[in-house]
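Both of the next two complexes hold chain A, though its partner changes from chain B to chain C.
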Partner chain A sequence: MTIWTEGLDFQALGERIRHSQAQELELEGVLGQRYIGAGLRDKRLRIRGVPGNALGAYMDGAQLRVEGNAQDAVGDTMNDGEIVVEGSCGDALGYAMRGGSIFVRGDVGYRCGIHMKAYREKQPRIVIGGRAGSFLGEYQAGGRILVLGLGLEEEQPPVGAFPAMGQHGGAIFLRCRRPPQDLPAQVTAKPADGEELRWLQGDLRDFCQRFGLDPEPLLADEYWCLRPNTENPYQRLYTPY
Partner chain B sequence: MMREGQVHIPAGCAISGIISHDGSDIGGEDIVRSIAVMHDRSNGLGGGFAGYGIYPQYKEYYALHLFYDDERAKSACEAFIQAHFDVVNLSRIPTRKHKRIQNEPLLWRYFVQPLPTKLQESQLDEREFVARCVFRVNTDIPGAYVFSSGKNMGVFKAAGYPEDVGEFFRLEEYRGYLWTAHGRYPTNTPGWWGGAHPFALLDYSIVHNGEISSYDANRRFLEMFGYACTLLTDTEVITYLFDFLVRRQGLTLQEAAQVAAAPFWSQIERMEPAERERLTYLRNMFASLLITGPFSILLGFEGGMMALNDRLKLRSMVIARGSKRSYVASEECAIRVLDRETPVFSPEGGQPVILYAKRKEA
Partner chain C sequence: MPAISYLYPAFELVRDESRCTACRLCERQCANGVHRYNAELGRMQADERACVACHRCVALCPTRALKVVRTNNALRPNANWSQDAVEEIYRQAESGGVLLSSMGNPNPFPVYWDHLLINASQVTNPSIDPLREPMETVTFLGKKSVDIRRGPDGRILPGGAPQLRLNVPVLFSAMSYGSISYNAHEALARAAQELGTYYNTGEGGLHRDLYRYGANTIVQVASGRFGVHPDYLNAGAAIEIKMGQGAKPGIGGHLPGNKIVGDISRTRMIPEGADAISPAPHHDIYPIEDLHQLVHSLKEASGYKKPVIVKVAAVHNVAAIASGVARSGADIIAIDGFRGGTGAAPTRIRDNVGIPVELALAAVDQRLREEGIRGQVSLVVGGSIRSSADVVKAIALGADAVYIATAALIALGCHLCRSCHLGRCNWGIATQREELVRRLDPEEGKRRLVNLVTAWKHEIEEMMGGMGINAIEALRGNRLMLRGIGLTQRELDILGVRHAGE
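Showing the complex of A and B:
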């Protein structure tokens, strides 16, 4: 079923989505309406236009696909489900995310994955096809972030300044030859290994499947994994991961 | 009502700008459509616009836009204006009745040139003379407030949602090469006409989303140079900061941006020696003009605009650079309503993006 969104404010659009009997919805002409898919458990939405901030906030099982760019705070505090963005996203994607998956074909802005967390079976993951801005994974407490840097120069790390600031749990994977030079003291960068490789391969295959890409050449590349230093007591204190 | 300093309002804002690169004029209705899309970022307590190139028939004259509380303030201010300026035209600023724009002050506009004798007597250059007269009115004449004082540009602002403010001021009747806009969600100070953005002095205007924590440090420094902050809002001080650095100190816009949103010392340490020295000099020389706290701003000036984020990029901003027109906005949707094609990008925190209208590039 198609919902023509022109002239609908966020509240009216949210009601249409929630009260629709259809499980599959197409939203046409979206222009800045916030909170699309917020708290949604069970529908599949295909979104054309520019969805507003907090797309999929608190989402709890729904599946969203955006045929273009999204704005700030995609998947804020998302609990379950999947968000796929064919374009790029703004700042604070996956803010305090606690479950589910976000796949972005293009770039993301600052503070992607800030305050992301995990608990037992709730293991959120974010895969970025392009480049991530500064403060990637700030205060990350759990879950996984993978940044591929597709289309970038090989020597260039696919992240801006200060990645993993305050990270105390979870893992960040970067496809690059050399790790970033401005890592905080409590974080270590090592080539992905063991269980990390298994996570990475699974996430990478899922990402490629969403966008019709061939995972094999990417699987053969080098990946650096940023994790809190296990000597650091804070990780054990807060996140028995 | 209670004004700045008497009441604290806990709280987003929206900014938008359009500039023409091909010499074509942009109608005021375009900027209104852009800012209207971000309605939810404002709360109806302030909206405003700055238009550049809108007064071609009076482009040699300073356009003073005034708010008056009452006729008494108007008489006092007009006496002051007559004593210091040659007034070639004066009129009410055209408005239309609007059900959501109320309690309007008296709105007047004057096209002026400093009186040659007064200017000579003052031993100031012309722009400094005008700036000082603006401060005189705003501090010394109760109930009178100059909210726009540049040449061939004008600010239009009010308490209300920006799209309503645009209708109220009949912006569709103006055309210019550059427009900026603001939708306000006041933090800390009450929403009233004077407190709305843009804040302007001469041809510099600022629209700002954010809340700076260095207000007092910046204000104390600028007050030493004669800038009177009359509104207790952070945006006012940013306007004066750029006026001071660019007009009075002769810094380039790029340098002024590197003062306001200076790189971190840890980043400066890793730079090449010459660049390290230059940035160290700027940080030391103008330490009190570092702006801390979240901001995204658009600085309008004659011939162009500069977009700048705080160095931590705590507020959103996207830019679409086209060959005919370029756009800057808090959200992509505010650009897409006018232009569906031109790709957007986000500048890094502290990296200014300076866009010139055709006139300057030519």
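Showing the complex of A and C:
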């Protein structure tokens, strides 16, 4: 079923989506409406145009595909489901995300994957085809972030400044020859290895499948993995009395 | 540890040997390990270095043989370099760490509640006897619509913004499961249900077994988003966005990994042993204009059925901030004063950041009224409401209701030892150790909380009746019912009250 979104504000559009009987929806002419798919459990949405901030916030199982760019806070506090963005995204993508997957073909802004966390079977993942801005994976507590830097083919990692600041769980994978030089003291960069390689390969194949890319040449590349080097890096900060 | 860092214990245990029967109950009760039995001497001994003055042993000693006294071991008195100031330097010179403590600001800042006096009727209008005349304490929190819509038959159409109905204008404020125990949470939940008011989950998620109290629950969303998912958002009667906390404005939270065990881990939905770090800001809100986004994303995810509360700490520009919050689509603003409690906060922040809630409340209410938007939001204030008199004064200053937490914990047995962050609460409140948690019976806790709030309700009615007011509505923002005592003109101006005698 197609919803023509022109002239619908976010509240009206949200209501149409929530109350629609159809499981497959196509949203045409989306122009900045926020919260599309917020808290949504089921349904598959194909979005044409540019959705506004907080696309898929608190989402809990729905599947969204954006044929274009998305804005800030995509997948904010997402619990389950999948978001695929064929273009690029703004800041704070996957903020506090706890489950599901986000695949972005292009670039993402600042603080991608901030405070991402994992719990038992909930292992969220973000795969970025292009470059990520500064503070990638800030406060990351769990889950996986993979940044591919496709088409950049530089020696330098495809991230801005201060990746993994405050990271205390999870893993960040970067396709590059050299690891970032400005890592915080509690984070270590090593070539991806063992179980890390298995995660990476699975995520990479899924990403390529979503965008019709050939994973094989990418699988042969070098990847650096950023992970915290102690269990509780901030314990020693305090003097309780 | 070098001799420089030796600190004489702050408290001394005085044991009356003529009464002590060496029954060793104190030893079993003290999770800090202060008491021990010396078999050779056949009597109890104490190592007071670990004593936090929680008075558990004092309260349970069957022969009343124990008391805790402040030590009189003293440095040379110095009004500038207090003993605390010196000892804190010793601690930090030893550890290099940020000082960490708990509960509200203990320092002697002015308590404006104690400089406000309540009016009573004499001769000019009759006072009311609440025992024999109806008194209305029911309060509705939420956006109050100014436009009334009527159907074709002329009847008023229901609808409008969702409201919280309180039998008494007192709610239990946010304390997370993790900072306090399961039994403490259950006591609060049961009491809220019986009283017809609400308790608040804090930022640690909602335990599965407590979903049944959802109709009396406010679920909180903080920057760490622990345990936040659609079921949680829809479980409560309202959703509170925590922007700040009075005890630690401007900083985030950190529940250390050693407290993330068992059900805490399940409820927060993070692995056991992982630190629970809440960032200082919500990273999806930078300017205040973005608050609109978070408020509405929560409303979208909860189908516009629940009021959204935005909780901010009382800070210098709180009136302007509240104005922004009122325009964000929030239904209720909660303001938390700088004397509000915490399960752990850096001491310097707790003791030096923020302002008293009395001044913040007066400034916010005034500002919202001047801007004509007071009806768009309800105001709930917290941050050391200690008695029913504080409640009456807060409402007369402009609050719709108050949040209490420290007072509620005291009702549950808290002795304000300010050691919550150590996780060894002997009263079973601020601990996750099973044998300690068991000491707090949720049903008995509920009874005490219900008693406290019921007693306050009677007292509120008495004070209202004395003023000749029979509905809490007529007290709200009624600053003529207050007079200041011992305040400067500037303070009176900010509070919007006259001096006693005027």
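The rule is short, and it goes like this: the second predicted complex is superposed on the first by the 228 of 241 C-alpha atoms of A that agree within 3 Å, B and C clash if a C-alpha of one lies under 4 Å from a C-alpha of the other, contacts with A are read in each partner's own complex, and residues count from 1 in each chain.
Going forward, a contact is a pair of C-beta atoms (placed from the backbone, for glycine too) under 8 Å apart; a residue touches a chain by one contact, two chains touch by 3 or more.
Predicted model, so just to flag it, every value in this text is computed and none were measured.
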Original post:
Thinking of the overlay built on chain A, is A:R131 touched by chain B (first), by chain C (second), by both, or by neither?
Top reply: neither
Original post:
By residue count, is chain A touched more by chain B or by chain C?
Top reply: C
Original post:
Does the superposition put A:R175 against chain B (first), chain C (second), both, or neither?
Top reply: neither
Original post:
When the two structures are overlaid on chain A, which partner does A:N79 contact: first (chain B), second (chain C), both, or neither?
Top reply: second
**OP:** Once the structures are superposed on A, label A:A141 by its partner contacts, choosing first (chain B), second (chain C), both or neither.
**Re:** second
**OP:** Could you tell me if A:F10 is touching chain B, chain C, both of them or neither one (first, second, both, neither)?
**Re:** both
Original post:
Touch check for A:R98: first (chain B), second (chain C), both, or neither?
Top reply: second
Subject >> Which of chain B and chain C A:R227 touches, first, second, both or neither >> reply: neither
Original post:
Which partner does A:G32 contact after superposing on A: first (chain B), second (chain C), both, neither?
Top reply: first
Subject >> Touched partner set for A:R18, first chain B, second chain C, both or neither >> reply: second
Original post:
Can you pull the chain A residues that chain B and chain C both touch?
Top reply: 10, 34, 53, 72
Original post:
Tell me, which parts of chain C touch chain A in their complex?
Top reply: 88, 91-92, 95-101, 223-225, 228-230, 233, 254, 256-258, 265, 269-271, 273-275, 277, 279, 283-284, 293, 296-298, 300-304, 344, 346, 421-422
Original post:
What residues of chain A sit close enough to touch chain B in their complex?
Top reply: 9-10, 31-32, 34, 49-50, 52-53, 69, 71-72, 90-91, 109-110, 133-135, 160-161, 182
Subject >> Contact footprint of chain C on chain A as seen in their complex >> reply: 10-11, 14, 18, 34-35, 38-39, 41, 53-54, 57-58, 60, 72-73, 76-77, 79, 92, 95-96, 98, 111, 114-115, 117-120, 122, 138-139, 141-142, 166, 168-169, 231-241
**OP:** Please name which positions on chain B make contact with chain A in the complex.
**Re:** 37-40, 266-267, 312-313, 316, 318, 331-334, 336-337, 344, 346, 348-349
